[in-house]
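Here's the structure, in structure tokens; my notes come after.
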Amino acid sequence: MSMSLVCVKDYEREAHRQLPLNALNYYKSGALGEVTVHENKAAMNRWYIRPRFLRDMSKRSLATTVLGHPVSLPFGVAPTAMQRMACPDGECANARAAAKNGTVFTLSTISTSSIEEIATHAPSSLRFFQLYIYKDRDVTARLVKRAEAAGFSALVLTVDAAFFGIRREDMRNKFILPPHLRMENFQDNDKKSTLVNSSAGGSGLKEYVTALFDTSVTWKDIAWLKRITKLPIILKGILTAEDALLGLEAGAAAIWVSNHGGRQVDGVPPSIEALPEVVKAVNGQCEVYVDGGFSEGSDIFKALALGAQMVFLGRPLLWGLTCGGEEGAHNILQILYRELDTIMALSGCATVKDITREMVIRKEYYSKL
Amino acid sequence: MSMSLVCVKDYEREAHRQLPLNALNYYKSGALGEVTVHENKAAMNRWYIRPRFLRDMSKRSLATTVLGHPVSLPFGVAPTAMQRMACPDGECANARAAAKNGTVFTLSTISTSSIEEIATHAPSSLRFFQLYIYKDRDVTARLVKRAEAAGFSALVLTVDAAFFGIRREDMRNKFILPPHLRMENFQDNDKKSTLVNSSAGGSGLKEYVTALFDTSVTWKDIAWLKRITKLPIILKGILTAEDALLGLEAGAAAIWVSNHGGRQVDGVPPSIEALPEVVKAVNGQCEVYVDGGFSEGSDIFKALALGAQMVFLGRPLLWGLTCGGEEGAHNILQILYRELDTIMALSGCATVKDITREMVIRKEYYSKL
Amino acid sequence: MSMSLVCVKDYEREAHRQLPLNALNYYKSGALGEVTVHENKAAMNRWYIRPRFLRDMSKRSLATTVLGHPVSLPFGVAPTAMQRMACPDGECANARAAAKNGTVFTLSTISTSSIEEIATHAPSSLRFFQLYIYKDRDVTARLVKRAEAAGFSALVLTVDAAFFGIRREDMRNKFILPPHLRMENFQDNDKKSTLVNSSAGGSGLKEYVTALFDTSVTWKDIAWLKRITKLPIILKGILTAEDALLGLEAGAAAIWVSNHGGRQVDGVPPSIEALPEVVKAVNGQCEVYVDGGFSEGSDIFKALALGAQMVFLGRPLLWGLTCGGEEGAHNILQILYRELDTIMALSGCATVKDITREMVIRKEYYSKL
Amino acid sequence: MSMSLVCVKDYEREAHRQLPLNALNYYKSGALGEVTVHENKAAMNRWYIRPRFLRDMSKRSLATTVLGHPVSLPFGVAPTAMQRMACPDGECANARAAAKNGTVFTLSTISTSSIEEIATHAPSSLRFFQLYIYKDRDVTARLVKRAEAAGFSALVLTVDAAFFGIRREDMRNKFILPPHLRMENFQDNDKKSTLVNSSAGGSGLKEYVTALFDTSVTWKDIAWLKRITKLPIILKGILTAEDALLGLEAGAAAIWVSNHGGRQVDGVPPSIEALPEVVKAVNGQCEVYVDGGFSEGSDIFKALALGAQMVFLGRPLLWGLTCGGEEGAHNILQILYRELDTIMALSGCATVKDITREMVIRKEYYSKL
């Protein structure tokens, strides 16, 4: 089957056919009118690649580093919640695929596989743990300790989701996590594990978030987090130079430019538009990552040229998991590997370092020649 | 039923199914080719929201003031004519919904509920009266006196409708007000009450306006109006800095930027585009309001960031009234409340004051980074 | 029937249903890919109208002058060939409609009604004669003399059609003038009259033009034309400042900005885009007219604001003639009269002179506020 | 049949109906999401033609020179692989059509007709040979010698295809060259001739390229090429000023701006956008050619105005060959000849030299007037 699925869009289309509506809509939808979901992709085409030729491309490598850790690919797996709706193994399959491709896997707090399960399935590979901060700070502190113990290498603090973005399809579906699944990072008799299995009328996940997440978190809490862990802290969800600078001050190890796949505030800048502003502000003082709308090798190439150290993928992996579990996720990573490798080879970039800022340019530039 | 209608667009779609053609077309149509109707919405997406994170959002409020009166929401109800075509209670239901949400209701001169009825239905809430100036000035003077007596708090003088915009659907339908309804601000045997119940060949409302409205009104008449009333005067329909300044000079209490929902001159600037120019010209010397095309919380957020003290909604309430009367109108206001509240919470704005000018930026900005 | 046709687009749609394919395609088509046909209309929306309010609009007039002649409307009838394919009376019906509306009618050289017929049908009204220059200069000289004798007030020298634009539909249809019609400005046994009634394989009109029109005409021939006539000469088809200035030098009485309705060179600027450049170059030294894509009152308003003394209409009249002959043409002029009058009234312009340059602005302006 | 096919688009549509899927998709597809395929055409409309009138156009010529050789047309035939899938005579028919029209034909290395066959079919006409560099340099050296011996006038070194662009349709179809065809520049028992007749799972051509082409070619190899041949070397596939300058340094006789019809790196600048940058950099020191998306006379006119000495056509000829072999290819050239001739005549350009830089202008220019 996977033979005829040759690109991410093919997997997306096929996953749309296979997934039950409840899960499909949860995975694909964005906030309000979904303008940002659309713009995340459309904005990729506002940049042109400027390929260079007649360079020796016989030896090439896509390897790079993330926070000092070597990885084989300059793109990795973003945290997405509840992956067992896509395939029985969920996050475990995804983590194995990432490991197989030598890249980083990020586990969501609200996953359907536990921190420890992931460590078992992808023991020697690079793993990040994505953190939501609960009203009860002990909950968060315990998660941090478990992530440390399980060999995760960094904490990804998501700053853009203390509230739940309004996703209309989930309201219509009264989205819940199917009864045979749990938020596995919590104990079975804990409401943090099962509250999402029911709904009082709208999205069950929204009710979960509203009941449990702390909405009073501020920059000072980064200090608290730093006190309770030695793991580097990555701030995910930053979209402005101002917040990037505050993040630097607060001691962030990396800034992860993201609009949460267009799922939180509709109408914010597409990720690839926000990236250069953050890169400029940060000015090399920490690493910058990006996610949102990446589904072609050319998209990834552009972000790398614009200064991203790493690109992350959310939904593409969910489509992969749906169409073949670990193998599907592996295929997604392989497709993007081949696309990026080909573009690099055809643009004169033998290594990721060769993808410099001059290799992309705004469309508008050409109207001024 | 309303459970599955989760956004303004859902109500619009449902209202299109429920309304008779005559009323539907009157409500939805715009002038000539309806370019401005379309642009009013499309222009919202020319601005991006720049959200800020890690601020304490546990306590939030959408309260603000209008002409010194406290309101619970930074958006209110614009005047739209003849609301009883949408539901039996028409303007009364709408006024009750506004009152219930703690916001302002604006009654049109050419309404199918009278000034006094509205006062009865929404006695202790904030109400504005929208004024058209009749050739017979005594008619207008009497309306002003009745509005004062009925406890309305301001007069909204509509400056963009001394003539009737050409609306093609109404010409095709030979639009008339159905026979069981009246313009209730006038007495039953008065042609100002019933002229709109018939048509000599085109839109009956156009014939009404042509026969009765004064087309010679100038800035000097504002002085006349100020002499006959103590109520503050809001000028509705301004689209340029020039007119805004003349309005200030004439003693306007507020400038209401509007293109009448694209129903008068096709091809004028979308409201959200005209807003910054007027805000800049007025320079804080009076309040600035805006309407036209607002149907998502993100739209309202952008207008507030651009300097509007208040955003008004026309058609959305008509769709609400059609799909459930007062409850429908209430749902519309609740939907927008939740959308705006969520966006504020996710953008670092605990109060309306926090929605500053830097929180939005033109799309074009990103092409220059 | 015409009751339900309330705008030019309605007439266009209806004419598309009524006309035989041969005539329809000849009337509607443009050169090559028809990009300019499309852009002529689309470009109208690149300008916004800035309406002004609270001015006394009780007395209004659309009257203006053309080359010193008073007209009731600031728009008139452009020359279009072979109008009897649309209705039995063709150009005569069109001329009568223009006369009835107090505006100028322009007769094409290659018309299906003769110079003298038009003079009979619209004796006391303002008429221009559009000139093509034949290889045999005597032919042209004779036409000029006849136009003078018949009381035409100006010559419109079309500069953009010494060759025939490639119109694909006409090639497919092997377009010919139906056998019962003639180019009536020539004698029955003259090939200039009947050559277009047959085709050697492609468009019969193209073969006509190729055989007969002079392709060596230069600016010096304007001098020749001025020697043989006292009539003012209007240059139709200019699209650049450079040619406008050469036109001034050559003694043109007016410059008529036109791209021949997108029928000659595909890819030239839309007329409304070329207009300001020509207006600026001419700098008041002669009148400037414009045609191309005008079908709404708002389009005409914008051109007047941009400095056109007169706007001309081609296809709209052909649709009018098709749907009702003289009455149809009259309805078109009336529709546009009402649309323009309403927009002027709603924009604070009591007369054509009030439609100043500041009343329109580029869309892009708003992105800089 | 060809009578009703009046433009390139007609031929394209008809070819889509006639070709087997395997060949059709190979011919039409582009890399990844095919954004560049689309933009190559769309970008043509970002430029407007500024026509000039009243110039003597009775004598006209489209003749020009390429590397000093006179040609009758300023456009010629780009190299496209495996043309016998379109019609039995393939490249031979194409070369005869080019010869008949007095213009240059470029033969691909991976053609289904041999160098010598082409020389036989178009003996006295201008022919270029397009070169791919094989890992085994002797292969390339032998091709060069044969092209010299066969009277080809220049080598076109394609720099953008050492790797094969990812074309999704070819992967889905497992594209192979049909068994009755061969890469005729190689001997029958040579894998360079037949490897493309099978596929190990994806595109057979991709496997061919991967197995055989040299990926280590650099600017230094141009020196090697210059040592083994006296033929002028044209560099095809350059998209930046930087590479154009390196090309000049390396002694290129001409720079051929191309993105390989959008088939290699998706997301690069459309050819017509890259052209002015290269023209400016080269500054007259060598000739500049361009291809990519040209299918209307107006497209060609614009490229000539922007400084191209010659425009090349890839797919249009393939559609021509499909719909009528040599005659079809001839018709394509004739259509474009007539379209360009008409546009020149209607724009005041009697010769190719008259098509100066001022004759085209960016659309954006008009927004600043």
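Per-chain residue numbering starts at 1, and chain names A, B, C and D are given in the order in which the chains are listed.
The working rule: a residue touches a chain if its C-beta (ideal position, glycine included) is under 8 Å from a C-beta of that chain, and two chains touch if they have at least 3 such contacts.
Chains and their UniProt names: A, B, C, D = (S)-2-hydroxy-acid oxidase.
Owing to the predicted nature of the structure, the values given are computational and were not obtained by experimental measurement.
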Interface composition of copies subunit A and subunit B: same or different, split at half: different
Of all other chains, the one whose Cα centre sits farthest from subunit A: C
Computed distance of Cα centres, subunit C from subunit A, in Å: 59
Centre distance in Å when subunit A and subunit D are each reduced to the mean of their C-alpha atoms: 42
Contacts with 2+ other chains: residues of subunit B: none
Category of the chain touch graph - line, ring, star, complete, other: ring
Interchain contacts (touch definition) - all pairs: A-B, A-D, B-C, C-D
Subunit C-facing residues of subunit D, complex: 3-4, 6-7, 9, 44-45, 47-58, 296-298, 301-302, 338-339, 342-343, 345-347, 366-367, 369
Interfacial residue positions of subunit A with respect to subunit B in the complex: 32-33, 35, 46, 159-166, 168, 171-172, 201, 214-219, 221-222, 237-240, 242-243, 246, 264-269, 273-274, 276-277, 280, 362-364
